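Paired with chain B in one complex and with chain C in the other, chain A is shared by the two complexes that follow.
What follows is the complex of A and B.
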């Protein structure tokens, strides 16, 4: 096969069975790979109502057909399973080099089933696959685990592993690869921990076959040029990283502040990309085949928090910053490093701490509950401490480890949790930006920004400008972005390539690599198909149209200060049209006609 | 008027913000005077090759995008806060701009 390797690896940790199966080409054509293809496998093979932390869940590591080729900035992979945080389908996307290495070893997917009886890791070298004892590294943090397992296998091995947070089943534990790259959201790390699987270690030496090398080279050079000539992908992200967004979102009054009470944080600049570049960045970092290099290698010299590592990204600097009312950048960066070391999603972590601070300030949580810690908004030291405690499930951290929805519910006030379908929203205030609010409310994995990133047109003006405060045209816009991203994710491409290329460039790359002609229509239809499939899984898991919503605060409490003062989100004006344009009924269920059209019936 | 600079513009102007006296100018006129003041490096980030302003950067007036006001012809007022973001932080590059985004034609 071209692009795809044609082999899917299936490992059962309960029985020790290791099987190599033929990748289903029919499904690969329809669902592309990575997110799409893995979601199809999960949908077909598990009952959507199972306990995500039971051995019945499956954990799928899934690169795409473009991963490992010279397609620029297209070496990503997804981790797909049922999510512990939300009970929805999880698809966590990560960069680095792990995805391409899986392809080089010869596999389109690694499907992990059952659960081991003792801590284990999987060691893959091309067609040699072993389940090995991980008791020597169980309990170790991510960097130490990575180093120890490379020493035990191959110094060039790529390692995807969990830290103590995944082992202890923190509901938003991440899977880390190359130490600083995260399959972050929804608790995929906890699923790995529930299987007593510490790591997947891979070395691969095979090339990936390209159907039409000449056409591929042409498509690669075109894409490369478009990405590097675009100011955002070509210059901005390398110079300032994603954190450049802090000042933009704040300047339009849509930077959620103090657990989304407000949308404007006067001290925001202290936590932004300009400050990060000026004081902390040692050099940019890029993933496999990347021409952008948005990653930040950083260092904190303040003795109180002295350390070095990768990041923080925008959502992280926001989560530990404005959302907690904190402007201490040293503390924010330290919190990010702890999340990387212990394997924790930074967005849910920041938002959960912000929720705890909010409950504390309103008297619903007291120092009795926190073990003596005073945790008002702005308490930077306590914030850092809480991250450490959460990753180890110590003291109050054990409660934080459940995420903000369960935390706030425990204290009788679920309305303090800034979540959609139990996953925390990211760093964009839906009251100030209408379309991203609709995306949060309808997203298949809950409060997710990346899978429908309408911030691009609504705030940045890329590829064109729409009014952030308007509701007209937003349902169509959100649907287009959701569909396109689903298809893009499934190829192995990085979302940041879209600051330069579009569906036509991706279709051209896919056609040249696989030898299967993909038109723009085919590509977008695949995206729509994948979106609807995920929706079907979520409906089976038990959600209804009632869950396509935002926290009351977003609908009823206006932003208090700044340029978007007085705004709320008008979801009721957008949701009915969203269902209609998607070809769903008024209950948000895809119609038979729509499913037949998408070959899902 | 208060002018705030972000990203590369801070390196070029050597400032995060400055206060300028208001002389009745429109946004376009303000940009022209800033390009004169800070030279070619500054101009590169805020104007198009064909001479029009705006298609590259994001300009906010009191937090509102200029394209939802009167575009480049927006009349400024005493006390306005103008935030200028070069396209590395957002904004629409000339070649890829859709025709209804290309404000220099207005």
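What follows is the complex of A and C.
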């Protein structure tokens, strides 16, 4: 086979069974790979109502057909399972070289079932697959685990593992690969921990075959040129990393500040990409086949937080920064490093700490609850401490480890949680940017920015500029971005390629690599199919139209200062049209006609 | 004037576009194991270093080759490999001090960089100019000049 390897690896940790199955080519055409194909498998194989932390859940590591090829910036993979944070379908996306290595080992996907009886790891070298004892590394942080397992296997093996947070089932624990790259959101690391699976270690020496090398080379050169010549992908992200967005979002009054009380942070620049580049970056880093290199190798010299590592991304700098009312970049970066080492999603961590600070300032939690810590907004030192306590579930950290929705509910004020479907919204204020609010409310994994990144047209003006405050036309825009991203994720491509390329370039790459002709319509329809399938999973897991919402604060409390002062989100003006354009009924359920059209009936 | 491939680990992002491009050009598939260039990553330090055949003047792979398969054409800057003369004894693999001559069991050949006949695919694929194909006399100029500039700046400050 071309693009796909044709083999799916299935490992049952309860029984120790290891099977190599033929990848279902019919489904691969329809759902592409990675997020899409793995979601199809999860949908078919598990009951959506299961406890995500029970052995009945399955954990799927899934690169796409373009992962591991030289398609530019397209070496990613997804981790798909039912998520403990949201009780919805999870698909967490990560870069580095782990996804390509799975392909080189000969697999389109690794499906992990059941749960081990003792700490274990999986060692894969091409055909050879073993479940091994991980007792010696249980409890170790991510870098130490990575080093130790390489010493036991192969010094250049690619390692995806959990840290203490995953072991302790922190509901937003990440899976980390190659130390600094994260499949961050929704708690996929906790699912791995619930299976007593510490790591997946891979070495591969097989080829990925290309159906039409000549057409492929041409499509690669075209895509490379478009990506690298674009000011966002080619210049902004390379020069300043994703954190270039801090000053941009602040300048349009949509940088959520102090747990979304405000949308403007006067001290933002101290935490932005320009400051990061000037004071902390040692060099840019790139994932497999990347031509952008937005990754940041950084160093903090302040003795209090002195350390080296990767990050922060924009959402991280926001979560530990503006959202907590903190402008101490040393502390923000240190918090990021701790998340990398312990295996924690930085977005939910930052927003959960912001929620705790908000509850504290309003007197709903006191120093009695926090174990003596005073935690008003702006407490940088306490913020760093809380990250560490959460990863290890120590003291008050045990409560933070449940995420902001459960934390705020415990103290009787769920409205203090800035979540959609129990997942913390990322760094874009839905009151200042209307479309992203609709995306958060309707997103299949809750408050997620990357699966419908309307910030691109609404703020950055790519590929065209629309009014961030308008609601007209936003449902259609959100749907287009959600569908395109679903298809794009499923190829293994990075979202950032879309600043330069579109569905036509991706369809050309898919056709050349797989030999199956994908038209732009086929490609976009695959995206719509994947979105609707995820929706079906979520509906089965128990959500209803009332869950397609935003925190009350977004709908009723206007932004207090800055360029978007006075704005609220007008979800009610957009949601009915969104359902209609999606071909869903007024309860948000896909119609039979729509499902038939998408071959999902 | 001969050209050679110059590496700049300070610029390398570890993306391995060079590795993918090399195996694609040489093998028409993506197989890093068959690439003539490899990139090693140190993740804790986040440093990456590309490695490929240095085309040594006094090349151990040529010296140990019993059949003349590994050879240098007079006047050429390349160490060349003739698979028809090669008996696969792998003495070159043993002898190369850098580990840059490798036996590939899939194709039953010795694989090493041949600069793609003066047009290296890895260099074209590098998005950050961490590998360059340059004339020998200017290869190190940018590095020397960067240090020279520090002296210059210091002198100017004193003056």
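We take it that the second predicted complex is superposed on the first by the 601 of 601 C-alpha atoms of A that agree within 3 Å, B and C clash if a C-alpha of one lies under 4 Å from a C-alpha of the other, contacts with A are read in each partner's own complex, and residues count from 1 in each chain.
In this section, a contact is a pair of C-beta atoms (placed from the backbone, for glycine too) under 8 Å apart; a residue touches a chain by one contact, two chains touch by 3 or more.
As the structure is a prediction and not an experimental result, all values here were calculated from the model.
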item	value
Clash or fit, chain B versus chain C on superposed chain A	fit
First, second, both or neither for A:295, with chain B first and chain C second	second
Chain B versus chain C as contact partner of A:68, first or second or both or neither	second
First, second, both or neither for A:286, with chain B first and chain C second	second
Which of chain B and chain C A:206 touches, first, second, both or neither	second
Computed vertex angle (chain A) for partners chain B and chain C, CA, steps of 10°	80
Smallest separation of CA atoms, chain C relative to chain B, angstrom	17
On chain A, the residue positions that both chain B and chain C contact, one per complex	none
Chain B - residues contacting chain A, complex	4, 6-8, 10, 16, 56, 58, 60, 62-65, 67-68, 83, 85-93, 96-98, 100-101
Of all residues in chain C, those that touch chain A in their complex	10-11, 13-17, 20-21, 23-24, 27-34, 40-41, 43-46, 125, 127-128
Chain A residues touching chain C - in the complex, by the definition given at the top	68-70, 72, 97, 104, 143, 146, 156, 178-180, 205-210, 213, 217, 224, 228, 282-293, 295, 297, 308, 310
Residue numbers on chain A that touch chain B, as the complex places them	229-232, 235-237, 239-240, 244-245, 247-248, 251-253, 269, 273-274, 459-465, 467-469, 562-564
